[in-house]
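Chain lettering (A, B and C) follows the sequence in which the chains are written, and residue indices restart at 1 in each chain.
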């Protein structure tokens, strides 16, 4: 049995099944992402693990013990909320110390661990500030520190980066990954951003309408999507003779499927083509290597390796 | 273009200057005029009224009663209104909207009608409130409510309660709905969440509500007049009597000016303190 | 979100009973068939409602209140619109001071306002007149009108007006076709809130209303001062019924939450 085991976990809100028989085993130290569009049941799953939503069926076990029998306040999980949910009336240090205080950790020990954890997220100098006085990225780090300082068995991240701008988000992804590697906490991330899930996770769970469509390492899910939904959700895809072919796998060749270039868009590091062929309109992505590329209206041939 | 905003506020400004500032100035001036039973108001500058109010223990008694009642009403409304606002905030729609209407609606019903209701409920020793309290075993002998401070406090607490609920509710609205979950996940029990997380964030609302309730309670007129009758006076009913019964306007004006100054000072100081205390935290 | 526990619900029930008790009692007693105050009554009759018709001073006071409320609220909204536009859209010296001045009737005890108005109107010969009442009520309800017109002026997205201008609309057309239609709901709710406050006002009005211009709450107050009998309960019951009907209508139209809490607190 895995470190954290979800067994046929279900949640129904009236007739609507938010989560429908989800089974998932998460190993110790693993980073798993629940990925899917809004309403796919990923957040509900997270809230059931946290204890804020009661499942209608199924089981959750942590190290073989029934987690559902444990009150939310006693589960000892670290949670980073989408809104961060920092306590606005407490300083950064007080926010981070709160969980330790609840555990009855002695004052000196508390101060030491707070300082340690704030150092880990690079906020050592901000201990006395109030959340209001911090930027979005800094608030995010406080939320992370607050969750990590209690040395949780599992870290739950609920869309933690969705309120940050694109550049900051990328930086935080790298940092989050590094921190998770350093402390080695088993982590479950909920996100709708496939790039984020793929960048951070050991495995991703692609969810749709309350079910897991595929559970696999990111590369495998991308290369060998189990369903058309997974193929589409993880990136642009062409469906040729019932098979998913990634646009970057298609090359312009001297022979092969004949077609005409409809549109060509320059995107800096690559070109995005729409090519009309007998198999329909295909998307093709070619690296920009500096050479000349087929123009709009040109007749081309397309070739690709069988997936 | 620079004159534009001034042109826009001009109509209201003229109105306020003529109908607020001038009358208030006249009232302050009135408090320094002389008055006699037969000569009426004499527009001279004397300190007679101020001296009378500040030296006679009767006026201290009335002002003492006024602020004592206001303080008790504020306390009651905070102690009972804040939890109700919290409960309301946790309700789901449509119940929340419905009960908000039920609790705030009385604010818009004539204060005379509401106070009349309390007069009926108090109604002497055999009133409904006494019967209910006695059958619930809370009291053994009837408490006199009519013509007492107790009655005024209860009726005023009812009249002003919606302001407190509204104020606390508005503060709770700004609360991140995830924040209680965050505290629970860190191991906090329900009471700890209330004491350490919810209450500190509701505090600005409670204090703002307290300022409103206190100043309205201290200047309330209809309720103390009906419940207190002719003998148990507060500052506003005293001023009313001087104006419309005794006709000693300068003395009534003095009482009114004192009430205005004390309340304005309290409100301004309280707001400053609240702002300074919370500026850093809540911005 | 967690739900309210049983203790919370019991507390809530007691609280609601406390809030409603005096109002229910007034309406209940109004239906007494007896000639004196008796509570609780088990029989009921409309006797005291019919009795209102024999007291023309209550009927005329009602119309007085209605007209006064409608007129003073409309004028207050009229005065508040330009002021709200200035406060919402311009940064100018004295902006905070003007706002504080216009909101000051909320801060000044009504008893003081009543005394000040009485003194002022006596001096200029408006004592007890309808004109005086209208002037006084404009002032008293002005903060309510301003708060809601201000909220709608602040809530107005200026880029919508810029869009209209870019499409070739003149300034006047923008005002007529875009700005006003967008602020009208705010104006209407401002008027409604002002009207309710004017209709209920008693503390200030009791000082300046003459025998011929007494409003309904003033009449009721003066009546209760002398005697509490079933007649005043039936009048109160009517006032309560009208207010509740108005509240329900207002809630349907605008949502009372929004109206009472207000959206923009900039004006405070």
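We take it that a contact is a pair of C-beta atoms (placed from the backbone, for glycine too) under 8 Å apart; a residue touches a chain by one contact, two chains touch by 3 or more.
Keep in mind that what you see is a predicted model, and the values were worked out from it rather than measured.
Distance from the centre of subunit B peaks at A, each centre being the average of the chain's Cα atoms.
Highest C-beta contact pair count among chain pairs: B-C.
Between the Cα centres of subunit A and subunit B there is a gap of 53 Å.
The distance from the centre of subunit B to the centre of subunit C, with each centre set as the mean of the Cα atoms, comes to 17 Å. Not a single residue in subunit C touches at least two other chains. Subunit A contributes residues 50-52, 72-79, 81-83, 85-89, 98-99, 102-103, 130, 132-133, 146, 150 to its touches with subunit B in the complex.
Touching subunit A in their complex are the following residues of subunit B: 176, 178-179, 181-189, 192, 196-197, 200-201, 280-283. By the touch criterion given at the top, residues 2, 4-13, 15-16, 19-20, 22-24, 26-27, 30, 80, 83-84, 87-88, 90-91, 97, 99-121, 123, 128, 155, 158, 161-162, 166, 169-170, 173, 177, 180, 215, 218-222, 225-226, 235-236, 239-240, 243-244, 249, 252-253, 256-257, 259-260, 263-264, 267 of subunit B touch subunit C in their complex.
Interface residues of subunit C, counted against subunit B in their complex, comprise 1-4, 8-9, 11-12, 15-16, 18-26, 29, 37, 39-40, 79-80, 82-83, 85-87, 89-90, 92, 95, 98, 101-102, 104-105, 107-113, 115-120, 123, 135-136, 138-139, 142, 196, 199-200, 202-203, 206-207, 216-217, 220-221, 224-225, 228, 232-233, 236, 239-240, 243-244, 246-247, 251, 255-257, 260-261.
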